[in-house]
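Please read through the structure below; I'll follow up with questions.
Labels run A, B and C following the written order; every chain starts at residue 1.
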């Protein structure tokens, strides 16, 4: 693709040679001849002078100094680069068709345009909309209802009776609707399982990361709202409700019956207690351990999690604990001196 | 089901209309017309007056004030509700039968009443008792021995030579018997794998959560005792022994060769060092990092984990660190004043 | 096997009865009649007198006191024991052959000596070297290139277009090349996915643990260097580069675009921020939360991670916080007294 074609696709303007051929997209640290890259983070500005990329996407009016690269000016470079990535996405995609080694129950209904790979299994009374892609060894249990453009990567699992919206994507190994962890202690006998008869309801535009697990409710529903994005190895326990547009990074765990609001952003390896409320637009730094409700729009960090400024102050003061002891000893020595 | 029938099933007593039709069970915050709910946690008592549930299960003699719901009196409401859940569990269950797209080795022996789903694979010389359920895409490697009423959900894996008791349930993606993480450093060369020739032995009544992993021992056995319950994404490393009735919440990790006693309760995201002993009936709060032995019956918390009361005191005092520095400065200023 | 045969295999020397029959290897705490065990850790020295093992592998010249066991003297007991384990590894191994229920695309090329199990799926244009073992329900997507002696255990997944070296082993449920977690916030609308068009490149001699996930890069490559060893449930985000010989224990997570050097050793449940550098031969204790670059050879611990000696001092001083407050109060009281 010529740079001028890319420019017209992005609604941008070329400074330099619009005829240069662009063959791939790359981050600025890696970009070479034939690549288009971008500058959004000022940290990388010094690399503009040295890059051997064929073109660089830069914000209108931003001063970047000398560069050998051709420059493509746009209103918002990062968004433009994301659209560029889609243009250069040459990963192989499966063709529509149900493989003769796929196993689709006779009572299942799958809309037009479907790809169902070998050893993918679709159970009785499943209903799936149009243009789904179900990769090898994925399993959809009995009685599941799913919207259009569903993608289930290899090894992902949707347990019985779940309800999923449109444009849901499961990365490999993701598990929706496993039985929640509910057992009654029974003294010396083995704990008794509490039947987990509820389900999981998943909104439109939800992405679930590799090997992430979202448990069904004991009764009622666990809920992933519209546009929820879960990274890999996340755990959402039974009866949790995650609000629209909330994003949760890898290895975070949410205990049972907790509600997370809308557009909340949660870092990696965060732990959230059960039966609490994290309100809309809150944020939690990676590694936080949230043991109580979080206010709307608040940003928390630490173990146990507190307002992030407070946590930063702790971590600074923690470093000064040895000094604190020294100063205290000095004072005590002075006092003793005077007491003599 | 009429409320009077439910009452006789639970051995309870109706106050109100025993003829009301009960169609489902629900938590009190969600329950509506046709639902039975329950009151066990006093926190929810205020909801009794407003619930539109058709019936509410309440402890004998408990004063609950006015309610529009019919009341079902029992000795122990939570246990009664659990039995009610089982009555209303209408999730589809697979019928017995070995699907013609299942792959069961000729040398494998499976008892009567089995369900083996499509693309489930059972290897050579496997022996499984009666009434097992092996869901699609589960894999049982060669030489595994399993008791009665075994359930392996989709994508779960039991590696070669393992021994499992009766009533074992694996949620989707659970992995038993993967090779333990044992490598000898070899300077500039790649680390050398230590053959993990041991196995995992699993007692009766064990539940293993979705995508949880329990590694085989390097030599000898990793052990899950009778009635052990593991939540999702738990890691049990090679050579660990978990005692009878112990319950471990999600994303907890236990390093190699550690012993956990009986009826221990471990919260989520706990980390436990290798080669230590956590004794019977100990408890660990979520997020604890256990670096040494834990006494019988002790409750620990924090990083590193200490007795939970001590940890609570730390977290309170941590918040007062800024105050501590201020008070110290004041003392120092006073001293300076006097020194002048 | 006679002890004398084992001795000649290991290049060691018997003290005692070389004709004794050795049937298995076991750790010293478990070893009984017919077992060979070893002594490397001085902590276990007291067990030498009481062990009923038939033989014990001991360092040349090491004084061990009285024992009923026959003694096998070698230069390095632990390494000798590892080689002994390999001798007694009697776990069943699959025979070469492509099962008639395996699904291998016509355009795929697999070298000689391959085992491909039932319901394993190998996609279009995949190229795999000689002597691979692909277990049931593993999935290799389209366009993947893999070297010799590849092992993919049940349920493991290699996404499209990845490149793997020789001697790569994936434990059950491991996922390579899932889409990285990249979304552009879009206000009230659902966040927009950033196409993850890059791949993962895996060097020779890499082991990936059960249910571990390594995401493909947004652009360019995520890299696992030669001899990298990842334990179970590890998360490596998009665009990370892990250096040769680095070992990472279970449940550790590395956020996007971070570089880890060579021969780094990282404990379990460590969290590492994105876009940072952990340099060669660094070490991180379990549970550390690394928020900035780590120097070559440094050892860090804690939350946030600092040099491990500093962290140990904090944890000691943290325990003394109540004492600190008491001493401060005493000083303040003394001052008040004097101020009167």
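What we mean here is this: a contact is a pair of C-beta atoms (placed from the backbone, for glycine too) under 8 Å apart; a residue touches a chain by one contact, two chains touch by 3 or more.
Remember, it's a predicted structure, so these values are computed and weren't measured experimentally.
**Q** Please give the intersection of the contact partners of subunit B with those of subunit C.
**A** Per touch definition, common to subunit B and subunit C: A.
**Q** For the copies subunit A and subunit B, give the interface type as same if over half of its residue numbers appear on both sides, and as different if under half do.
**A** different
**Q** In whole angstrom, how far does the Cα centroid of subunit A sit from the Cα centroid of subunit B?
**A** Here subunit A and subunit B have centroids separated by 25 Å.
**Q** Where in subunit B do residues touch two or more other chains at once?
**A** In subunit B, 119, 137, 155, 173, 211, 233, 251, 269, 303, 318, 324, 328, 331, 335 touch at least two other chains.
**Q** Taking the complex as given, what residues does subunit B use to touch subunit A?
**A** Residues 24-27, 30, 78-79, 82, 85-86, 88-92, 94, 99, 101, 117-119, 135-137, 153-155, 171-173, 204-205, 207, 209-211, 226-227, 229, 231-233, 244-245, 247, 249-251, 263, 268-269, 286-287, 303, 315, 318-319, 321-322, 324-325, 328, 331-332, 335, 339 of subunit B touch subunit A in their complex.
**Q** Show me the residue ranges of subunit C that touch subunit A in the complex, using the header's touch definition.
**A** 103, 119, 121, 123-125, 137-139, 141-143, 155, 157, 159-161, 173, 175, 178-179, 181, 183-185, 188-195, 197, 211, 213, 215, 218-220, 233, 235, 237, 239, 251, 253, 255, 269, 271, 273, 289, 303-304, 306, 310, 313-314, 317-318, 320, 324, 327-328, 331, 334-335
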